[in-house]
Structure formats: structure tokens, C-alpha cells
Amino acid sequence: MTRERESLGFATLDHDRMLRQGFPEVIYGAGKTVEQIVAIAERLAEHDGGFLATRVAEEASSALAKRFHRVELNRVARTAYLPGAEPPPTGRGTILIVTAGTSDLPVAEEAAVTASAMGNAVARVNDVGVAGIHRILAQKDALMSAAIVIVIAGMDGALASVVGGLVRVPVIAVPTSVGYGAAFDGLAPLLTMLNSCAAGVTVVNIDNGFGAAAAASRINHA
Amino acid sequence: MTRERESLGFATLDHDRMLRQGFPEVIYGAGKTVEQIVAIAERLAEHDGGFLATRVAEEASSALAKRFHRVELNRVARTAYLPGAEPPPTGRGTILIVTAGTSDLPVAEEAAVTASAMGNAVARVNDVGVAGIHRILAQKDALMSAAIVIVIAGMDGALASVVGGLVRVPVIAVPTSVGYGAAFDGLAPLLTMLNSCAAGVTVVNIDNGFGAAAAASRINHA
Amino acid sequence: MTRERESLGFATLDHDRMLRQGFPEVIYGAGKTVEQIVAIAERLAEHDGGFLATRVAEEASSALAKRFHRVELNRVARTAYLPGAEPPPTGRGTILIVTAGTSDLPVAEEAAVTASAMGNAVARVNDVGVAGIHRILAQKDALMSAAIVIVIAGMDGALASVVGGLVRVPVIAVPTSVGYGAAFDGLAPLLTMLNSCAAGVTVVNIDNGFGAAAAASRINHA
Amino acid sequence: MTRERESLGFATLDHDRMLRQGFPEVIYGAGKTVEQIVAIAERLAEHDGGFLATRVAEEASSALAKRFHRVELNRVARTAYLPGAEPPPTGRGTILIVTAGTSDLPVAEEAAVTASAMGNAVARVNDVGVAGIHRILAQKDALMSAAIVIVIAGMDGALASVVGGLVRVPVIAVPTSVGYGAAFDGLAPLLTMLNSCAAGVTVVNIDNGFGAAAAASRINHA
Amino acid sequence: MTRERESLGFATLDHDRMLRQGFPEVIYGAGKTVEQIVAIAERLAEHDGGFLATRVAEEASSALAKRFHRVELNRVARTAYLPGAEPPPTGRGTILIVTAGTSDLPVAEEAAVTASAMGNAVARVNDVGVAGIHRILAQKDALMSAAIVIVIAGMDGALASVVGGLVRVPVIAVPTSVGYGAAFDGLAPLLTMLNSCAAGVTVVNIDNGFGAAAAASRINHA
Amino acid sequence: MTRERESLGFATLDHDRMLRQGFPEVIYGAGKTVEQIVAIAERLAEHDGGFLATRVAEEASSALAKRFHRVELNRVARTAYLPGAEPPPTGRGTILIVTAGTSDLPVAEEAAVTASAMGNAVARVNDVGVAGIHRILAQKDALMSAAIVIVIAGMDGALASVVGGLVRVPVIAVPTSVGYGAAFDGLAPLLTMLNSCAAGVTVVNIDNGFGAAAAASRINHA
Amino acid sequence: MTRERESLGFATLDHDRMLRQGFPEVIYGAGKTVEQIVAIAERLAEHDGGFLATRVAEEASSALAKRFHRVELNRVARTAYLPGAEPPPTGRGTILIVTAGTSDLPVAEEAAVTASAMGNAVARVNDVGVAGIHRILAQKDALMSAAIVIVIAGMDGALASVVGGLVRVPVIAVPTSVGYGAAFDGLAPLLTMLNSCAAGVTVVNIDNGFGAAAAASRINHA
Amino acid sequence: MTRERESLGFATLDHDRMLRQGFPEVIYGAGKTVEQIVAIAERLAEHDGGFLATRVAEEASSALAKRFHRVELNRVARTAYLPGAEPPPTGRGTILIVTAGTSDLPVAEEAAVTASAMGNAVARVNDVGVAGIHRILAQKDALMSAAIVIVIAGMDGALASVVGGLVRVPVIAVPTSVGYGAAFDGLAPLLTMLNSCAAGVTVVNIDNGFGAAAAASRINHA
């Protein structure tokens, strides 16, 4: 099992990941210095022609933009994306990203950028939380034409259960840290979603738009 | 402020409560011996003509039934109720008790017995959790004719937010310990309900059907 | 069930809420950009003649004040309120807002602004925590003339139980994040209030003055 | 949106679910009386020709076996399954169920029964936790031929991340309550799995073999 | 610092404790076998003429009663007490033990037995929780004549703050596991008491009547 | 029960507290504006000749110093103290304040300032945590001559149990937020101290030097 | 990397572990059926000549004793041990197992059985908790002659820090679930030990006597 | 037991620690003022010829560098190290420090600086988390030549179990606060590591690189 890896001292690049998982390693920007992020990006760009970085703070974004002219920054999503030499294989259907509220947008953007970068068509429905249940019910067409639905919600996180009960396709729920007090930085919607009364809803970490998109892309490329 | 109270040694009866709050003290059976429960019930019955006891285990129920022939036992609700000499004042409207699932019934029964004992008309809608959203939407008439709605749900607790967004009357949410794992004995729906995106939903303790009914009765007798 | 809603892309306005719930959608400012807040406010103002925004940071407040000359800012409450074309229907009685300490004032202000905006008379009693029990006992007149009482307290949150035992009208308890250490940002008074030994006290989220007022207004307009 | 539902008083059957989600409502046995379980099973059997019940205790299993001679009981999984009139549509590929330890078997059995009932081919690999990493590496063939992998693990829950990094197909992680002390009844592997460093692993509730299989079946029938 | 100790293999007796702390080692019965409890009791009785054992289950109580004819069992408190050869020095004043509810009695009994055994006069006031605030206010005489007050309460634990504000003597608060749901086995009153708005209330572990009495006795013997 | 109180609108002063509890109300500075703190201080100074304020931020300290020339600021303790017209009654003995580490000093200072202001002699022993057990054992004289010991410790909080076992006088334990990671902002030493194996150690809130001193002063003035 | 493993269907034996880690796989009895335990034991005995099983309930112990006549049962430790064909290599020094209280004995027994089975000399000191600090100080000889110290304590867990500061050899701390209330089933001593102010104390799971012994044996065989 | 200690008022130096534990007291910089850190450093330098300080913020680092010209600052590790007059005794083997990701580097640096200062040879392997399992498998030589392995990982913390199963030498696991959401500042990997399915992995506090190195050095100097 000899596998391709490259050591930068502070990082061991998993160049084998493209073969193994269909998409190269993604740079998780939090806790890394600007220098480390740029160095890893350079090696990935050299190896794969491009890269995707998430949780990239302002300073690192600027450094990447300076170094890679074609890089696409999304400051709401805090992502930096340099498309690779050849586009990733296209997924079967459309990933629908649904948010409960406007404040969930940064997580939805991270999911959208990631899903697109991984070769998926993306559709969006925003701000359809269950306090006005007709808002999601009115989106029947969007829901029915989706191959996978990502539901993003903070506070009570109730939207995931409602959507989970409306569609038969896979539903991935993303709790967000939107809210205050007993939302406990996303714990409340996380627990809600893990206890969804709709059978077959799965969950990712709080604010993990990236992970939801990666999971959806796995499904969409099966 | 001289107020009526009576000491049994192990208990200090708050006979003043009828005047102050419109309903006599209620016996909380958990953690009390059968002898204590019967003794308190006797004093209340003597003073008020009747009593309500909640969280009454089987043995205490039997003892109360033996001592008070007219007592009404509800073994699902774990209540024992002896109607007082004169009925409580009647509340303005109907309290609608809605459950998300069949497993929530014991809590709903406790709420129904309490609300009735306190002089309120009660209506019921059962097993209309949000995984089949049409079930609650089909109950529009019941929802619209209620003066107050008590929503009882375990697991994701999402029903409270949906109902809270459908009606304009007061909504009291009761999380239940129904569920397992990350439901954490009712913590999950408790947090869901405290974070309801529907404005003006209030919450009581996990499995507290009694408290929800008492709160609803306060509203209904205003 | 065709219902009125309007999409701004990042937001789906629930214009139907006025009809359904007696008060238009309220803007929750946290996690929204200034641009988003102003855009939503414009649409609501256009549709309803006014709006209420909560959790509005300084910058957004200024932007709203610039755009809407009649807007009423309350910097303690962090609210911005533009009265609508016609006043909301008036509630039956007075909502009494009681705080345990001076540090609870921002939450009380949010409750007061919200309750007023929703058409309710508001009275206030401040800094009457139970460590000096005579302070709340001395407020008997205010307590007895209230239609609903909102009790706002941090730290031990004990005031809610005392007030709950003194009055027969509905009591809504708001835990606050006032305190330190084992107050755990409001968890301590939240648990206290959920476990109130006074029957029929209901609870809203930590620091949720808005929710308490919305709940009180539901009761007051029944 | 008139949808088929049937009320038993204590339960509202969602007969529409077959159409909406491709599989009829499943009976969650916990917290229901034997009588309730049998009554719901009868209605489902009448409507769909069969039923699936999970979390069925011994007494309820026996009652179901007495009432429905063809019912298939799995006492490890605590399931009761009566195949419907016609088999469910067959899923695309094989769902591989992997456990970290022998003690995880009840959850794996629940997943296997559910997945089969929903029309999926199932394969199994047991007791390949990461403390002996060669055990999972030796299962390359099984991993590579799976359409979806369900990873079931208690204690450290680490197997999900390892498997997530080895395959490119969807991976659904199920934390179990196996363990003691700081496993906190499954909280430890739940957090491990939510924080998986393998991109695109999704998670369901602790011990929720049913939910994992339902999610996998959604994917497999897309 | 040569100090007296004696080893039984499974236990190391701290015979020095009488000299150091004014009261001999107390046997904590939980988690010990009947044989271990009896063996330790024998050595203490031999050394000090008597012993106090807490958290003693029924079987151990019977064994102790059989072995020591003068032993005083209190089955509510779950204590076994054999008075020593000479009575402990008498404390300065009276320790007043106050409970919020009848269900708190076992903890109060443990405190009373311990305080008496350690040489203190004990007075009792029961079932005066704050939901009927006049009940504690009516006990002014008892409160004013106490040297130390132990307040025992479950659920909201609010009584400690009220008493702490009424008296100037030391107040020791004992949270109890009375309650359910969000009482979280005593966590709620524990947090309430730790956050008491009355200055100078101190707290011991949940249900720790023994510890409260030991602390009060330290104060009373100063 | 007519008691003296004074309303400032945002605050209700409990002037009766001096009579009831032997020390006037203390200003808790956190969450109050500078204006509120100064206004309350003025009323207290007018009524009692002085005041004590804790948790006073830099800006409020400066404002108080400007308004009250005699005020004593302690910036480590974050206190402001204006001695009253006549000194408080002197306590019986010496309160010994012991810290486990140098980082616990701010809490110890708050305790020392409070204890002194309330009329108690104070002694200090610093940085004698149990990792070098001889450091506390060497303080036998200080321990033996104390009337009450306040033990202040973060991290493992183990010092409280050791001291509790060495002395027979009352021991009050103060957990601090010193530490990181699994210290969880003081939760670790809080739990340690609540579970002290030394009988009769009582506990106050995390970082609550004020409360420990107030409790000690209650004991010292009995 | 072809490694030896054997599949029993429900279990995959890691026969390679002896080579890799110096001791064969150990049977964790919890959550396994009696049949599974016996079957795994048979395979291990066949392969290695013996086995060690922990967390073995009464019924499984009896079954093992019936099947393997030489098996050594320790009912306090809940272990079953069949010595292998040849003794394990002997460790360098003595592992000293120290308990804070008698109630910690079952965990200490599990550690002692495991350490012995793995080829280590074991010494024991029991019931030397810090409330009587002279008890552990008197054990200087035992402490100084140990190669590794395992400290086992519940409640405050403080003994680990004291021992950690007295010796220079490795100290492994085992929190136990001994205690009640805010001990939270071992969480309190777990946090204490993780925050030990003695540098270089390491920690294993609550009640994990087995793990502590395995870690000590790794050190002792280095 | 007369032992050497020195009091600075705010600190009590444990000069005896060198003799007792083989390494002098280490300065924990957090929560200390710059003046306190420099003063303690001066005394240690005077007594031992050098010192090690951890958690030293920028300002304190600069002050130490100014005062001690030979001091070695490591700004990633936040350490300041002044080698003593004579080097510490050299440990037996090499301590291998392994990180799961680049973001874990600050903790690894703290461990490396500490281990070196204590006289140990250190080797490093970085960024070999289990999502690309071949990365750690490729490090077999490094793993096999280590005397002790320190595994540092945030998020899922799974690397500790994998390494624990690969080697027979002692493994010390350090959870880090790397991650977000349900990583809960390091709680997730902490629980993972405490529940490691690899027998004999021990754990230190979150981000406690210092403690892991001190524990490893104890082992290495045995």
C-alpha cells in the first residue's frame, strides 16, 4: 500500500486523496499561519492545478489572492478556491441548499462553494424557517427536483425534520451557531437534528457547511 | 400579612393558596411516603373538600383509593383527583393539548387531568409530529378554536415551533423525555423549544404536564 | 393555503404573519449585515408602514435612523422601532415587568419596547431580588393590578418562584446572563425557573426579553 | 394538499408516507403500550400488507408474534418485521455495515433489519476497531464494493474517520452507548464522529441503527 | 508529625481525626460491603467507644444493629449511630434545619442525626418553600434564635437566597436531588445556591446533609 | 413588616440590610453603567457614610475616585471601598486566606478587601498548592491560629480538601477560573471542592472572593 | 503488512496483538453475551494458552469457570484470568496501586489483576485519601520504592496531585465513580486529575483500572 | 520533613522540587503579571541557574529576554527557557511527538521545548491524521524507534487510538482545542482519547503539551 504523500515539515500532503476520494485534500485555514496556508496551497496547486481552502481569515485571503491571480474569494463563506486543471466529474443531480434564516447564510455559502468546486449543480432556497410553515411548503418544486437537500438552521433547528418528512431523497442537516442563550452556540439545533423524527436525516458538525457539501457530493457522485 | 397555614410536622400546608392563586395546593407525590401523601390528602380534603395529587406511584394510588372512595385515579397520568366541594370557576375558552407522538401520552394525560380539575375545557389532538407535516396542518379547526395550545413533544421537539407559527393564541411547550441517545432525557426538545423561532412560545420543565396545565389555567382564568 | 410571502433572495418575508399572528414579522438583527437589515426594514415598512428590529448593533441602528427619520432607537434595549401606519390593537390589561437587579435592565428594556410596540400597557418594578424579600412584598399593589407579570432575573433566578407564588395571573420568567462563574451565562437561572416550585410559571430563552413580551402580548390579546 | 391519514385516538397514522417517502411509517416501540403497538401494527398491516417495528420489548414482540404469524422477530435488534404485500423497490448497490466491536452488534442488527426491509442488499464486517488497524485495512474488498458504508462504533468512535478516509462512497456514522465512564452513554463517539477529520462523514443519533439504515436507503434508492 | 493510624488492609483508620478535628472519622457506607462496614465500625467503637455511619443500606443497618445493641438506626436518614464513651463537647447555639418540601426530609434527617451526634442542639422547620412565601416569613422566631441555618431544597432551590437575606448568621445551603427533568438530579438547585444573590451563603454537595451538619458543627464549636 | 427601601428607578436600595444583616448592601459593579454605579454609591454614602463596590471596571473606578476622594481602590481586586462613618463591629478571630497559586491572587484580594471592610482581621498565605505538599504543612501555625480559613484554588482545587483535613475551624473553599482546557473556567475546582473528602468544607461560586469573605464574616461575627 | 486475524463472525480476533503489543487481546465483557464471551475465550485459549477477561458479570464468570477449570475469578474485580502457556516477560519494577478510599477497591482489584497478568510485580496501599494527609505521607517507603504509581480516587480525586508531587516516577491517575451528587459518576475526579497541578500526571477513563494497569505495564516493560 | 521553600509574598517557591522530582519548578505564565513572572524567574535562576516558563504572553517574553540575555524564546510554543548551570540528566530513549494536523503545532512545540529542557531526545512527525491513514502507517520506523510516543490531535482525536494500537511503548495523548462547533474547545478529542480502544493510552489536559512532556520525561528517566 505505497501511497503518495509529501512532507512540508509542518504538513504532510495527502496527494493520494484525489485517487482515493475523488477530490484533493482541502485546506482547513483555522489555526494555520498565513505562511503555512500559502505554502500548502502552492504544493496543491502544483500537484492538482488548484485548491480549495475554507475558514480562511481576511489576511490569508489577501495573501492567496496576491499569490494566485485566478483564485476565487468568497468573503461571506470565508473560502478561497482555485479551480484545478480539469473540472471535477459532474454529479448526477442538483444539491438544494435550504436555510431557515438569513443569519445562516455564511454556512450556506461555504456549502455552496464547496459543492460547486466538487462538481455539483447547486440550487438555493433561503429564509424558510418553520415559524412561517407556508414558506417551505411553497418550495415544493425546488424540493421535488433536488437529488439531495442540505438543510441549514440554527436556534430550534426544526426545519430539518419538516424537510426530512417532505422529501424522499437524502437530507443532510447542518446546525448553525445562530442564536443566543440556550442555543449554546449551536448545541440546541445539533440535538434537534440528531433527534429528528423524520427517518433518515443525517447530521454534520455545527456550522460545517463544508462537510455537508462533501457528504452531498459523495452521494451525488455515487 | 397573616396567612393561613397548617403544620403536619413534615409538611406545612398552604391553605391560603386557594385565595391567593385560585386553586388549592397540589400534592407532588414523588419522594413522599404513602403515609405522608395520605395524611396531606386528608388535611386538604378536610379543608377544601378535595385534592389533586400528581406523580403518584401505584401503591400510593391504591392507598388513596381505599381512603377516598370518590377519588378519580388516572394511571397513565399517575394522578389522583378528588373533586372539591364546589367546582372551580370555569375558564374562558378551551385548552387544546397536542402531542407529537403516542409515547407523549402520559404527559398529555397529566396536563388534561390538571386542566380539567382547575376548571378548564380540554380538547385533544394526538400524534401529529412534523415528520408528516400534513397531520398538524389538517387540524386547523382545532387549532383555530383553542384559547390556549399546549404542545407536548419529545425527540426534536419541533412541533412547538410549527404550532407557534400557526396560531396567535398563547402556546405553552412541554418537552418530554421520550427518545434516546442524544435526546438526553428531554434536554434536546427542551433546548429546541427554548430556541423556538416562533415568537412568544413559552416552555415548562421536561415532562411537566402539570405545570403546563397550571400555566394555561392561569391564562384561561385571567 | 396560498399565503403571502416575498423573496429578497437572502430573505423570505412572511407578510402573512400580521394576519396569522396579529403582528408583523420582527427583524432579528444578530448575524445579519447592515445592508440586509435595512433592506428587510424597507420591505416591511413598505408593506406594514413600520417595523420592529431587535438585537441591532450600533452600526445598524445608525443606518436605520438615517434611512427612517421617525424610527425610535433604544440603545439599552438594542431595538429600533418604526410605528406602523395604524396602531396595533390594544391588549386587555397591563404587563408588569419586574427585574431582580439593575444589571437585568437591558433585557427588561427589550421586553418593554416589544410589549409597547405590540399594543400593550407596560408597568415596571426594578431591582427587587429576593435577598431583600421586603422589596418585592412591598410591590403588592403593582403585582395585584397586573394582567401578566414578566419576571427577569439572573444569578439564582429565585424571584420568579416568589412572584409566581404571590399572584394568580400568568407569570413569564426570563433568565438573564447576568452573573459569573457557575451562573454559566444564564444556565443557572434558566434551570431555576424551569424548576420553579410555583405552579404555572413558564420560561423563555436566556436574555429573551422579546420572546417574553411576545408571549405576554399573545395572552393580553386573547 | 389533502393527504391520507387515519386517527386511532392515541395515534395518527401517516398512510401518505409510502407515497411521499417510499416506505410506510415505522412503529417506534419505546414508550408505547403493548396494546398501542398491536393496534398500530394492525392498521398498517391492513393498509400496507406489513409493518416494521423497532425498539420492541420482549412482551410486545410476543404479542406481535401471536397476532401475526408471519412476523419476523430479531431479538438482538429488538425488531419485528412483517413483509408487505409486495417487496419494496430494490436499491442500487450494497449497504456495508461495519462495527468496531462485538458489543455494537445490537445496533448493527437494527440497521441490517431496517435496510433489508427497505429493499437494500446488506453486507457485514464485524469487530474491526482501530486498535488493530490491520483488521479494517484487510477489508478493502468489502469497502470498495459497497455503495454506502454504515460505521457503528462506541467508546472512541475512531473507526468512522478511518473508514471515511478510505472510501469515496457515502459514510454514515452511528455512535453507540457501548463503553463506560467518560463515554457518557455514547456522547464520546458522537462528538468524535461529528468532528471527523474525514470530509463528508455524516452522523445519526446514538444507537440509531434504524436511522442510519433509513438514510442509507434514501441514498441507495435515489 | 507521627500520627495515629491503623490499617485493616482495605481501610486505613484515621484515629488521629478526633484530636485534629474534634470528631472521629465517620463511616461512609456507600460502595462498602457489609463486612467492611462492620469491621470498620468495630475498630472505631473499640477506639472511640462509638461511631457514626451514613449512607448505610438496609442490609448493613441490620448487621450493625445485630452487632451493636445500642446502635441507633434512622432509616429515613440511612444512618447508624453508636454514641461514644463520652459525649462530644456541646456547641454554642442551635442549628436550625429548614426544608423547602416534604420530599427533602431524608437529607434533613441525615443532617439532624449528624449535628446531634457532633454535639449540637438542633431545631427543625419543614416544608416552607418560596411558592408560599408567608410560610418562611412566619418562622421569624425560629430563624432569629438560630446560631446557624441549614437550608435544604431541591427543584428551584430558591429558599436559600430568601433565608440568606433574612438572617445575619451563617447559612449553609444543601441542594437536593428532589425534582425531575431539568432539575438534573440536583444540578438546578446546586447552581441556584452557588449563585445566591444573598451575600455569604455557602453550599455543599447535592443531598449532602452530613456535610452541611459537619460544617455547621465546625462553626458552632469555634 | 415595613422595611426601609429607596427607589432610584433602576435600583431599589435595601437600606434595611445594615440592620438585618450587619453590613449595608454592596454594589455589584458588573453589568451596571458608570452612571448607575456612581448614583447608587452616592445614596449609600449618604445613608451609611460609605460603601463597598466589587467587580468595578477601570472606568467606574476612576469615576468613583473622582467623586469620593477618600475611596480606596484595589485594582487587583477590582474593588472600591469608602469606609463608613463608624467602623463595623470587629469579628472574633482572624480570617486566614490561603491561595494555591499566584494566579489566584485577584480573588484573594477581593476576599481580603471584603473581609476587612466587614470588620475582620485578615491573614494571608500564598502559593501553597498541593504539588509541593510541604508548603502548606509548613504553615501549621498560621492554620492553627485562624478562626476561619478561606481556601482559594483553581485547576485541581485539591488544596481545599487538604486544608479541610488539617484544621477543625470552618473552611470555605473558593474555586477560581485559573487554568485552561478541562478546567472549564473553574468547573473543575468547583466540582472538586463540592466533593471534598474532608467533612464540613463549604463552597461558594467560582471566583467569588466576595462571597467567601461575607460568609466568613457571618461566622466571625456570630 | 499481512497480519494474523481470525473471524468468528461477530468478532475479529487480533492474534497479532501479542507480537505487536506484548500481550494478547483482552476480552471486554460488557455488552457481550455469555456465549460470545466463552467463544472468544476458547479461541484465545487455543491460540495463546490463556486469556484475560474484564467486566465479566456473574453469569459469564460461572460459564468461564465451568469451561476452563484453571481460570482464576476475582469477583470484586469482575475479572476472569486463565494464565497462558508461558508467563509474560517480567517488568522492571513494582507497580504501586494506591486508593483514596475503601470504596475504590473494585477498580484497584481490576488494576492489580491486570498488572499481574501482564507480568508486573504489584504493591498496594489502601484508603489514604487527603482528608487525613498523614496517611499518605506515612507511606513514603512504599512510594519511593515504586517504579510506577497508580492513584485511584473518587469524589475530589485530590490524592493524585499530592502523590504526583511526592514522587518522580510516572503517576497514572484513575478517577472512580465513587461519590454522589456533584461527583457526577466520576466526572469530578476526572476533571480534578486532568487539571492536576503536579506536572506529568496522566489520566485514564473513569473506573478504568484495566487501562491504568496496561499503561503502567507498557512503561514497566519499556 | 523540613523542606526548602522561599516566599516572595505572592509566591512560595518549591526549591525542593529539583531533589524530589528531578526538575525545578516551572513557571506557569497565565494569570501572572509580567512583574511576578520576572521576579519568580530571577529567584529560580539564582537558585538553579535557569528556568522554564510556559504560557508566556508576548509582553512577558520580551521582559524576560531583556532581563536574561541567554533566554531562549519560542513564540509558537509561548515558552521562555533559560538552560540551567548544568544540563539535566539525559533520558533513556527518544520521545516521538506526533501531530494529527498542522494546527496542532503550538501544542507540539510546547511539548518539544519542555521535553528537551528536561533532558530528553525528541523526534517529530507532523500532520498524519487518520483521514489519510497511510500517512501514519508510513511512519513505522519512527514509531518503532521511539521510547515514548506523544500523540497530539484535535477534532476527532482518533490518531491516539491508532498509534496506541501500533506500538507497545507508552503512548500519551494530548487533545487540542483545534476545531469548532461540537469540538467544544477540545472536549471532543479529550473524550475520544479517554475512551481509546487501544489499551494503555493515557491522557493529559486539553492543549497541555507541557504536561505530556513532563509525563514522558518521568517515564524516560525511570
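Which chain is which? They are A, B, C, D, E, F, G and H, in the order written, and residues in each are numbered from 1.
Here, a contact is a pair of C-beta atoms (placed from the backbone, for glycine too) under 8 Å apart; a residue touches a chain by one contact, two chains touch by 3 or more.
Since this is a predicted model, take the numbers as computed values, not measurements.
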item	value
Any chain in contact with chain B as well as chain C	A, E
Whole-Å gap between the CA centroids of chain A and chain G	43
Chain A-chain E separation of Cα centroids, rounded to whole Å	56
Approximate Å spacing (C-alpha centroids) for the pair chain D, chain E	49
In chain A, residues with contacts to at least two other chains	1, 20, 101, 131-132, 137, 165-166, 181-183, 187, 190, 194-195, 199, 205
Chain pairs in mutual contact under the definition given at the outset	A-B, A-C, A-D, A-H, B-C, B-D, B-E, C-E, C-F, D-G, D-H, E-F, E-G, F-G, F-H, G-H
Residues on chain C engaged by chain B in the complex (per definition of touch)	1, 20-23, 26, 92-93, 137, 147-148, 165-172, 190, 194-195, 199-206, 210-212, 214-219, 221-222
Of chain A, residues touching chain H in the complex	1, 3, 5, 7, 9-12, 14, 16-17, 20, 25, 28, 30-32, 36, 40, 55, 175, 177, 185-187, 190, 205-208
Chain C to chain E touching residues, read off their complex	100-101, 129-133, 137, 154-158, 160-162, 164-166, 179, 181-184, 187-189, 191-199
Residues of chain H touching chain A in the complex	101-105, 126-128, 131-132, 134-135, 137-138, 178, 180-183
